[in-house]
Amino acid sequence: MSRKIFPNATEALSGLVQDGMTIMAGGFGLCGIPENLILALRESGAQNLTVVSNNAGVDDFGLGLLLQTRQIKKMISSYVGENKEFERQFLNDELELEFNPQGTLAERIRAGGAGIPGFYTKTGVGTLIAEGKEHKEFGGETYILESGLTADISIVKAWRGDAQGNLIYRKTARNFNPMMATAGRVTIAEVEEIVEVGVLDPDHIHTPGIFVQRILEGQHEKRVEQRTITQRETA
Amino acid sequence: MPWTRNELAREAAKELQDGFYVNLGIGIPTLVANHIPSNIDVTLQSENGMLGMGAFPYEEDVDPDLINAGKQTITELDRTSYFSSADSFAMIRGGHIDLSILGAMEVSETGDLANWMIPGKMVKGMGGAMDLVAGVKRVVVVMDHTNKKGEPKILKQCTLPLTGIKVVDRIISDLGVFDIVPGGIKIVSLSPETTEEEVRAKTEAAIV
Amino acid sequence: MPWTRNELAREAAKELQDGFYVNLGIGIPTLVANHIPSNIDVTLQSENGMLGMGAFPYEEDVDPDLINAGKQTITELDRTSYFSSADSFAMIRGGHIDLSILGAMEVSETGDLANWMIPGKMVKGMGGAMDLVAGVKRVVVVMDHTNKKGEPKILKQCTLPLTGIKVVDRIISDLGVFDIVPGGIKIVSLSPETTEEEVRAKTEAAIV
Amino acid sequence: MSRKIFPNATEALSGLVQDGMTIMAGGFGLCGIPENLILALRESGAQNLTVVSNNAGVDDFGLGLLLQTRQIKKMISSYVGENKEFERQFLNDELELEFNPQGTLAERIRAGGAGIPGFYTKTGVGTLIAEGKEHKEFGGETYILESGLTADISIVKAWRGDAQGNLIYRKTARNFNPMMATAGRVTIAEVEEIVEVGVLDPDHIHTPGIFVQRILEGQHEKRVEQRTITQRETA
């Protein structure tokens, strides 16, 4: 069943993208982002996208590239601090922005993929986030109702994958990718290496292939956002 | 004499207990990791999906797939495990983390915390702060006692948009350590040469 | 001539399409696995936490850590992945499984299904049946057309406690294949020598 | 930090168990059950237990052992078909029983461990399960509210573990164990092998050590409930 494998990101997106779609993009900062698929999305020229992603990339890398081209109408994120173009568009009312607490965002995406339309959380009670949301008491404490999130397309990045769509992530590059893989009507995964089916240990697979409709091997720059290092003491 | 940033971190490190799982915020809280006493065992959680966070890497060990919630390159330890953001915040929201040490713009006398947005300025987002203060067992705030204009940051009520209500257990400012108790703020200790009088003058919240 | 158990399984196997992810219930549905056409690729899910279920093991390969939802020993395939029960039902509830084939005690003309309890008898529990019928994209029921007393099991309304409402898409009985459509049951095909008259006599639900 | 390691199941339970407690026990059928901790629980003599477990063991193995000794007051399960003593006690009103759909049970436990007091699901709408529960519409469909579940003690079984409490499960013996590990006020894990900290690959750990307060190495019979085999054709 090699029908899931595509030769590159552009091919993997072809026939799927339309203006106005909701796209989920994995990654935390620049770590574990689907670099190749973001570039292909830029190439596609799709407009008025709603993008669900914890962050918005930097000016010249990651989702920042789609901001440059004004393809994004709205972002649903938890933190967007590292992007000047984002700030400019937002302050000029050229971009909509919906902030979610990071854990609420992660859980909304998991819920969306898991057939759970709503759940209650303590996070954000008494803050701006709670305004207009249903409040409910459980065991004497107040919680707010948050809704499940799904997407027309999810683009995720994994370390290794196979023709069945099974994925394994590496270290903290896992982050939002596994939940987003479950919450896309169509999920496309880019990996560093496509291996033969059977190579990935069934006990180690993070995303079972059922969630992945298309997969491609990409080239990854894996840019580092903050290179903090420990100096070796010289003898 | 107000505590320096480093002294603040050292004071905050006294919150750590053997066997604790701890989440440290960005800024001064991050420095707390440098003051963990060698006789206790503490595991640091990073909310982007890691338990058991190590130090910054040597130059040649930098790994773009291995960062903390501040997007800084870090290292793993023998004990480390990785997980998704959903599992990470399930851990946080579910009350499994013993202690979170965070920065603050304002704290109220009932433990309300504001640390994510200033109206009129560009808002970067709350990241995981709202989840941490809502879910972690004990929340300790590390902050300057007053703002750049010398105005109190420990208030009767916060003026900035809130991160959480009734969430702060303890404040460690450059002037001392203060607990949120019924009725207001209780002085636990003061920095060298700082007087209760000075603290009262620089605090809007009731001191009990 | 009513279909035998094996023929029923063969008929049900016609529901399978290339690339499908499928959950098979206990009993006749399990037999469907023996009739998967060799030219299509189907992946079987077992709700206790496995995608890509293989055949029963050879004697020497029996592994107590490897069972299906019917608690039978099985084998894994090259494609197999394992996950928790929460992740398994997230997969089911989230609509990711293409097809579920299940047994039934009763089905109503609007697609209500009863297959888990008979009042007055010891109730063993619904296991994963309620989750499967609520979450899976297409639900096909395999059953005898009548009960042991010769009474209809395809009814206007179920009399037994329900597993789900409006969940069945198709019924495959020993007498034929029937779709749930607006207004009642539509005959898709009949087993050899079975007449529409016979089906009408043995069916309480409206046949349209 | 070897304080988490206990020499055996009896020691691992000591000081924790009290009459009337709620205990979660991992496993599906007899697969992946905490055999040693169930025996220790029997030894403890604790009475009036509420036990959350997908199944109830068989007459002479697994949770069936606690039914024999009448230590269980109530079971919260999805399927209990393989246990005659269970049936007898239930029909004589000596045992309370709360059935949950299997997916709802799994999700309630996950929610309990994740600080989610309630969530909405389609499962069970229009059935006995929905009676008395709040109904709510999302996108024109009806869902019911289910609550999070926690326990005083969770007893789980894993394949390998370390002194930090990190756990890896094997094949379908994973089942309910990972969620239950998150939902116990105290979680005790029995494993087939305790390995040195650092042996388990951080990307493969299923249960991070934060969820496990005590761990022990046990002897496991791993009884097979239904030995279904393929006959080799003789040449």
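Residue numbering begins at 1 within each chain, and the chains themselves are lettered A, B, C and D in the order written.
Assume a contact is a pair of C-beta atoms (placed from the backbone, for glycine too) under 8 Å apart; a residue touches a chain by one contact, two chains touch by 3 or more.
Quantities reported herein were computed from a predicted structural model and do not represent experimental measurements.
The fewest steps needed to get from subunit A to subunit C, moving only between touching chains, is 1.
Chain geometry summary: the mean Cα position of subunit B and that of subunit C are 54 Å apart.
Remark: subunit A and subunit D have CA centroids separated by 33 Å (rounded to whole angstrom). Each chain gets a centre from the mean of its Cα atoms; for subunit A and subunit B, those two points are 27 Å apart.
Counting partner chains per residue, subunit C shows two or more touched chains at residues 76, 82-83, 89-90, 92-93, 135.
Across the assembly, subunit D contributes residues 107, 110, 114-116, 121-122, 169-171, 174, 202-203 that each touch 2 or more other chains. Two chains count as a pair here when they touch; such pairs are A-B, A-C, A-D, B-D, C-D. On the subunit C side of its complex with subunit D, the touching residues are 46-50, 55-59, 62-74, 76, 82-86, 88-90, 92-93, 112, 122-131, 134-135, 161-166.
Within the complex, the subunit B residues that touch subunit D are 19, 21, 41, 43, 45, 51-52, 76, 78-83, 89-97, 135. Contact residues of subunit A toward subunit C in the complex are 1, 3, 110, 112-116, 162, 164, 166, 182, 197-198, 200, 202-203, 205, 208-211. Residue ranges of subunit D in contact with subunit C, taken from their complex: 28-32, 54, 77-82, 87, 90-91, 99, 101-107, 109-110, 121-129, 159, 169-179, 206, 222-230, 232. Taken in their complex, subunit D has these residues touching subunit A: 107, 111, 114-122, 136, 138-139, 141, 143, 147, 168-171, 174, 201-204.
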